[in-house]
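Several structures are given next for inspection.
Look at the two complexes coming up: chain A is in both, with chain B in one and chain C in the other.
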Partner chain A sequence: MTVEPVEIIRTPIRLEYDYTPGGARSRFLRGLEQGKILGERCPSCHKVYVGGGSGACARCGVPCTDVVPLPDTGTVTTFCVVNLPFAGATIEIPYTSASILIDGADIPLMALIQECPADHVRMGMRVEAVWVPDDERAPTMDTIRYFRPTGESDAPIDDVLKKMRDA
Partner chain B sequence: MRDVAVVSFAQAPSVRREPERNEVEILMPVVAEAVDRSGIKDKIGFTCSGSCDYLAGQPFAFVWGLEAIGAWPPIRESHVEMDGAWALYEAWVLLQEGEIDAALVYGFGKSSPGKLRDVMALQLDPYYLAPLWVDSVSVAALQARAMLDAGAHTEREMAEVAARSRRDAMGNPNAQVAMEQSADEILSEPYLVSPLRVSDCPPITDGAAAVVLAAGDVAREATARPAWIRGIEHRVEAHYLGVRDLTRSPSTERAAQAAGAANDKIDVAELLAPFTHQELILRDALELAKPNGTKINPSGGALAANPVMAAGLIRIGEAATRIMAGEADRALAHATSGPCLQQNLVCVLEGV
Partner chain C sequence: MSETARAGAATDVLSALHVLEYPYKRSVGPVIGRFLTGLRDGRIEGIKTVSGKVMVPPVEYDPETSASLSEFVDVGQAGVVTTWAWVAEPREYNPLREPFAWALIRLDGADTALLHAVCADESSMRTGMRVRARWKPERTGHITDIECFTPEDE
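Up next, the complex of A and B:
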């Protein structure tokens, strides 16, 4: 009698966590709940962060404390077109994920671009946020459904990138 | 060997749960305090940190920690997925090479986001033990039972360790659990996981710590009385619990021997013994068992505050603080990693 060797075992793991966004990200998420995009200015280098990072200026290692209200418009600084489905995905492929420099900010945030064919998205494209209905707003990134083209002419991308680098 | 010393130390107050601050927000003031106190910010040529992504439940959470130190222009940096004490070891090795004169070391961890007992189960081997979800208290209880049944120590000795630690913690403003409690009171508690009572176990803690190391004259420039590292070594035992003698800590013995711990008397020993029985095992390994003038864990140790991934670095910081303050001439700091004291680090510090 031959004994089959064990070739594979499954050991499922599940852990649950309470997530603590921290001060900066909490302010950002509360802002979204009110339909606003809030940035934070570094008191040392004056860069404006948006997207609710760690609460620190990653360059200076000091807390960003000044809250800066920002508009919900910006410029695409880079993007990628996603053609691969993955587990849990709720969006039809292909879709576009982009780095968007919100007007007045120095650090781009990541968001989806919709209402535009994927092959039309380009660096320098001007975009605006599309929000969920007011009564559905919550302290979550899902409160901004996606960004869509404004129809304005493109921003001069070289200048935008230079400003981001030099900021 | 190049003379390298701890020249400053800072820690966050240890608390059960930081409900509002994220890891970076906890870390920022601690790093700033340690660096400012050292006065040698411009000499820091290397940064090394210790943390564990499983605590936050986020991959690459440790990279986030870098935001607390302002890594611009780009810095020379490293990280260990271990207690900050091992990050300090890595920095010490680099300082030995002589390329840099000072280093920043930090360790941080929030244990409150997940269920720490389960999170720690994942450090067991993934095929035989982790799938059983043997939680960290149960694993420690297994070791305590082995120690008691070997006749090496008693539950009363364990209770005395708990009582002394929490009493001494009353003098430590950063401690989380500090109280006057007798061994008899502790022995009357029900078991949590036999033979461990709640008092035999460490609290669950959010916290962070930072140390600045410096070599030679840079250390002397930073502080009047640097805590010189005269020996630092670590040794590791087998991963699988079944092949180890859990009643002893041979890796601690060897690390202590290699670090020259027994060369002279030790005024203060800060041991990372999260469970009471582990202090007894460590004291045996370090030959600190009998009253010999060594003050053990005057901070209260991990039984008073146990910020996982910072608690070992805090032992080094606490021991160094006694030296820098002139309260001790020779101190021993110990850190541990892995289940049942699997890996142990011993650091010998001297004032002259």
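Up next, the complex of A and C:
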């Protein structure tokens, strides 16, 4: 008979959802499947949203009308170096998660930065998307594996942040 | 999409399975720890409050006086259903595959009721019915060491 008292129990929680991203995010994800980053422009303030939010402009409250193809390059506006391992993580620590303002967009996307030591990542760093091979593209965020430095000189971060505020 | 397209145009809306899973482990503390250790040994233990009530499952502090409690007592492995709810379509993570009842069961010698599953026909379920614990052959120190409760007259 086991004599050790019980001190720890396993209480796993598992929830299964049918996730529906809605129209706007579906368009964005289908764009990724085509190897494109698609933004959507507000007809009123002309702000370009990317990442497929609600499909409406948060500021003006009107539906975005135009789909805008964007390049797969951008600027790091802020970032977080992850040093703690957690269950289900697929990347070695430390790694960097960053907000990236895609060129031509007015709000940033969240993505991983790789091919760059975590302590070299900085605000204003220029980055480009690294895609999965063409035949593996799917309507999922994993279609962009991560962003990596382009090697260009940094964007003037104050101007970039000001553009985001004023957009 | 080389030209600007209409964003509002018909889009195939995507749908995907999304699984959210947390592999929690929980530290149970000295009182629930002892209760679970008892279950592993095939015993059900309660704890005596300052006024002499026996609480099952046991609690660390007296609900009336907030005093720290430590007097464990064995209670019976059978008791009375004080209330219940029928589960006609068990979910994957429910303790039983067939339809069953969630029930509050006041074990013999206890003053409070324990939540557990009762395996019985819906027609035989009633408040006040007597049920008895059915143990799993392999026990690990978990509330599921009691597989379920079954009607005592079976």
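Rule of thumb we're sticking to: the second predicted complex is superposed on the first by the 152 of 167 C-alpha atoms of A that agree within 3 Å, B and C clash if a C-alpha of one lies under 4 Å from a C-alpha of the other, contacts with A are read in each partner's own complex, and residues count from 1 in each chain.
Just so it is clear, a contact is a pair of C-beta atoms (placed from the backbone, for glycine too) under 8 Å apart; a residue touches a chain by one contact, two chains touch by 3 or more.
Because the structure is predicted, anything quoted here is derived from the model rather than measured.
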item: A:Ala87 touches, of chain B and chain C: first, second, both or neither?; value: second
item: Touched partner set for A:Gly35, first chain B, second chain C, both or neither; value: neither
item: A:Cys64 touches, of chain B and chain C: first, second, both or neither?; value: second
item: Partner chain(s) touched by A:Ser54 [first = chain B, second = chain C, both, neither]; value: first
item: First, second, both or neither for A:Pro139, with chain B first and chain C second; value: second
item: More chain A residues in contact - chain B or chain C; value: C
item: First, second, both or neither for A:Gly23, with chain B first and chain C second; value: both
item: First (chain B), second (chain C), both or neither touched by A:Pro5; value: second
item: Partner chain in contact with A:Leu15 - chain B first, chain C second, else both or neither; value: both
item: Partner chain(s) touched by A:Gly124 [first = chain B, second = chain C, both, neither]; value: neither
item: Set intersection of chain A contacts, chain C complex versus chain B complex; value: 9, 11, 13, 15-26, 55, 63
item: In the complex, chain C residues that touch chain A; value: 1-2, 4-8, 11-28, 33-34, 36-37, 40-41, 93, 141-142
item: Of chain A, residues touching chain B in the complex; value: 9, 11, 13, 15-26, 53-63
item: Chain A to chain C touching residues, read off their complex; value: 1-2, 5-27, 29-31, 34, 36, 38, 40-41, 55, 63-69, 87-88, 139-140
item: Chain A partner contacts - residues on chain B that touch it in the complex; value: 18-25, 28, 31-32, 54, 56-57, 64, 66-72, 110, 112-115, 118-119, 122, 126-127, 130-131
